[in-house]
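Dumping the structure here so I can ask a few things about it.
As written, the chains take the letters A, B, C and D, and residue 1 is the first residue of each chain.
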Amino acid sequence: MSELSNRSKDIGEFVPMPDDDMIVCRCEEVTKGEIRKAVHEGLWTIAEIRRYLRCGMGLCQGQTCAKLVKGIVARELKCSPALLEPATSRAPMRPTEMHVFADETEETDL
Amino acid sequence: MKIERFDLIIVGAGPSGLSAAIEAAKRGMKVVVFDENARPGGQLFKQIHKFFGSKEHKAKIRGFHIGEQLLQEARDAGVKVELNATVVGLYQDREVVVRMGEEVHHFKGDAVIIATGASENMVLFDGWNLPGVMGAGAAQTLMNLYGVKPGEKVLMLGSGNVGLVVSFQLLQAGCDVVALVDAAPKIGGYGVHAAKVARTGVPFYLSHTIKKVEGTDHVTGVTIAQVDNHFQFIEGTEKHFDVDTVCVAVGLSPMSQLLKMAGCEMEDNPKRGGQVPIIDDYGKTSVPGIFSAGDVSGIEEASSAMIEGRMAGVAAAEYLGFMTADEKKTELDKLSTSLESLRQGMFAPKNRGKNITETEEGIPISTNLLSKGFVADDEIERYPGVIHKAGIHPVIECTQNIPCNPCQDACNQGCISIGDNITALPISVKDSKCINCGMCVASCPGQAIFLVDEDTGDGKASITLPYEFLPLPEVGAKGKALSRKGEPVCDAEVVKVRSSKAFDNTSLLTISVPKEYAMKARFFKAE
Amino acid sequence: MGRISQHPILGVQNEEKKIVTFKYDGKDMQGYEGEPIAAALKANGVMVHRYTMKQHKPRGIFCAIGRCTDCVMVVDGEPNVRTCMTPLKEGMDVRTQYGVSDKPFDQQ
Amino acid sequence: MMTSDVIIIGAGIIGNACAYYLAKKGYKVTVLEKSDIIGNGGSSRNGGGVRQSGRDPRELPLAMYGIENLWPNLSEELGYDVEYHKKGNLRLGKTEAHLKTLKKLADSASACGLDVRMIDGDEVRQINPYLSKEVIGASWCPTDGHANPLKATLAYYMAARRLGATFITGEDVKCIKKIRGKARQVITQTDTYEGDYIVLAAGMASRAIAGTVGIDIPMVQKLIEALVTEAEPKMFEQMLGTAEADFYGHQTDHGSFVIGGSTGFELYKKDNGTPMNYSDTVPCICRGIIRYIPMLKDAKIVRAWAGWSDNMKDGVPVIDTVSEVPGLVLACGFTGHGFGIAPGVGTVVSQLIAGEEPVCDISGLKYDRFYAKDIKTA
């Protein structure tokens, strides 16, 4: 249980900001406003926001925006970014073609 | 599916990964290092400046040369480095799946060391997605690895060591750096790095940040503005620059995803730069057999990464019985001492976030250096490296406590003294005889040493300064002497140009200026 | 833009490398064999690598080390190829990527 | 102690759907979730199939009711796009044996009134031209489809929250406690919650929790793994599955393909505490896909994930009130195919609690349907 456990806790109303249309996730083109709004709809974890908005789910897997998203969500929730668990790390670490995965060659010359 | 086995699998052939591999291989372990890049060395081969530290840390050697030495040492130790080998994941039971060419291969290591380094942080500003806005590391990669200019006119955001060093490298590559900007009120990196950029004429804008990057298909300009204590823009302070490139150097984050995937206990540690594994002093994670080393477990310098790598290599060797606990202890004690000496001084990890106003010697830190990038004329006199005496002598404009002492080793005449405390400010010894060999000027990684003769007759003074730009001025070339601030202060003539193998591509330019500028002129710009 | 012909520390770069010709959006362009496609494009002054799927905004080199994937283009017919990590070869067909296609949006 | 009308254990798509329909009926609902994340189990680790074909006749009514009445308006009703597409489902076969399996399932579904029929390879490729010649036939159900499981799970959560349902995350339920013969309290590691009804929708964890009031649900855990590709140009809209279950999936609105599959070792995967992909599963799924859809061979996989499913002895869930434990409602054991029927399950559970006649027949999903093999059942 943390201070973010009860999802009915009042975090205040969503207040539009002038830079809400700024792109945060470069890959999936998710804006700051979309992320802030999602927090006010009840998505309080990085995982939920990712799954709902796709930020950090593009080709780079959040390499560039993870810290930025975390900062935005923390500010909206008025909590420390350290409280927010980063998204799960998932293989493959780099986008990998299906035919490459499909070919599990028996031997290397190592 | 075939699984190939190694005693130790290392992910990442950068400074820490290679160092770990060397130590493990020396103990007879069967080691393989995987790296996704076409060349080994991680970021070392992009570092064309001379490193800080002491002899044992390979101080005053340029980063890419350290990379070459490390590679040679790895080859000699029989380390196998697999390049273009992208690690796809770290699965249960220390299984490493690697993409090599158009196939994936499965490997298991009795021990695994993750040394995947870091990636660049970003900040949001209007237009940060436009082509022409790039990470400072990207600029470094383009110019230092591939010989391509990142841009013609560049604005640098970020005054940490990366921002400062890359700004200097941009100048070396022939780019025009129009400004160095940081939202913080103080320069984040080493003062000497800032000073060598400032004296070429690059203006520093602290407490400023980017308001908007302009351009439709690519960057054509940038507007910065001053920010208040809460990082809010102050109306009316906007400044515009025509640029084609904006570089962002706002810190690094550990690339610790593989460790997280493997189930290692992680923590969010701002002092280490973000998500890092919880490790002991030698890189052991919570998962038996998995170790980490280098930036992936906390952002530091390449020099520390190399020592951390050696520690993890030793720890893994002992874990698998390739050395005794006693042998391990001896080795680790030695490495710890070396690492500890690097982790000293104003910029040490333990001092991050602290407001340091005085040197260890009790001398006030230059406020101009912190806010503008250069030490003011009236501040410079208070440091022990700055003395006045007849004849030629070193003037050492080193004003912050950093772990670095090659200048002391460079002078065999006893003109420079630091003592045993590696972070102490160097003293220019009054009672000594400088023979004008120039070794101190060339060996100072901060390019902070000048040989000054305040009176060469005819009302002139001579100043010998380090010079790492092209074209190299010739003897007789006339131009302007620039101040520490980078402003032309007087006419100057090049009277001597020295290049030598021992100087390692740092040329020594001796200029003659009116003697009242002996303590003011610090750079030369040809006409 | 262009190449750094002579560098104060690194000397002459790319000296002994072979020059190859490749296609950029149908036009002939030259670069060094084995250098990343992105380096060759940059040396030729190309800034825009792709236009994004949703907002159709231009993107170019951003991290240059294969992390951000902003520099992807359609290479030899395959979309989403990281040009900063893919070595240049003689005769390569490199195209600006629109969304995930090499066809401009109005032709998709 | 927090008191509600209904306490739901588990904030996956089942728990969230139950919360939504109960809140809509005016109940004060509290949902307890062990994870810090809403929808962190199978709900965010599945292929997104909203299908009727291939289902056991006992759960088919739930699927058919949902597709007829709930899914088509779900985005509108919840106020969030769940990316539902009703464009049919091809269950593919490459051998005569496959076709036999598919036909058996199709016949039993037809008998229940579902529009599903066997088609030959050519007709398969008329519907989906990207499928390889290896495909010799399929069952075709034009009313099947798919939705986005990540969005649907969170959409139910957000809609329920808007209606006043309370969600508490990071609450690990230790036991259910009877008070005067009725299930009434839910004890967690830190707190006690009280309600008139308790809905157990906690996936695999349901077994241990039900055990605290003396009910055993015969389920085992099985690792399900899925992957997602980069965005590809739009290719097809159907949901795909195979007789061999070597892969299933669809192309999302975003353009990426979400595909699940198996190696055959699913029941025997090691549980090290974190649901972790096995290194051989993605390669195996890829080999499967390439044989069916050769064009996808260059598609890049950006992410793969794994999660434990709650697999029942007979492959269908338990959705039932419990006569020995009044107040307890079970909604678990979905055996890896609960997503498509979740709206129906939520509706029916809300009706069980409201004392209404369920809109569809769930008589085959009783908790007490299991007998040892030598006992004759009626």
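In the analysis below, contacts are C-beta pairs under 8 Å (C-beta built on N, C-alpha and C of every residue); 3 or more make two chains touch, one makes a residue touch a chain.
Predicted model only: the values in this text are computed from it and were never measured.
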Task: Chain closest to the middle [Cα centroid of all protein chains] - done: A
Task: Of C-D and A-C, whichever chain pair has more C-beta contact pairs - done: A-C
Task: CA centroid of chain C to CA centroid of chain D, Å - done: 44
Task: Distance from chain C to chain B - Cα centre to Cα centre, in angstrom - done: 29
Open item on the list: From the mean C-alpha coordinate of chain B to that of chain D, what's the distance rounded to whole Å?
Closed with: 53
TODO: Give me the residues of chain D that touch two or more other chains.
DONE: 230, 277, 280, 283, 298, 300
TODO: Could you tell me which residues belong to chain A and also touch two or more other chains?
DONE: 23, 26, 58-59, 61, 63-64, 88, 90-92, 94-97, 99, 101, 103-104
- [ ] Mind pulling the residue numbers of chain C that touch at least two other chains?
- [x] 53, 57, 59, 62-63, 66-67, 80
- [ ] If every chain is a node and every touching pair an edge, decide which shape results: line, ring, star, complete or other.
- [x] complete
- [ ] Would you tell me which residues of chain C are touching chain A in their complex?
- [x] 52-55, 57, 59, 62-63, 66-70, 72, 80
Task: Residues of chain A that touch chain C when the two form their complex - done: 23, 26-27, 29, 58-60, 63-64, 94-95
Task: Touching residues on chain D, where the partner in the complex is chain A - done: 36-40, 44, 150-151, 154, 157-158, 161, 166-171, 190-191, 228-230, 254, 277, 280, 282-283, 286-287, 289-290, 296-305
Open item on the list: Touching residues of chain D toward chain B in the complex: what are they?
Closed with: 270, 272-274, 276-280, 283
Task: Residues on chain A engaged by chain D in the complex (per definition of touch) - done: 1-2, 4-8, 41-43, 45, 47-48, 51-52, 54, 57-59, 61, 85, 88, 90-92, 95-99, 101-104
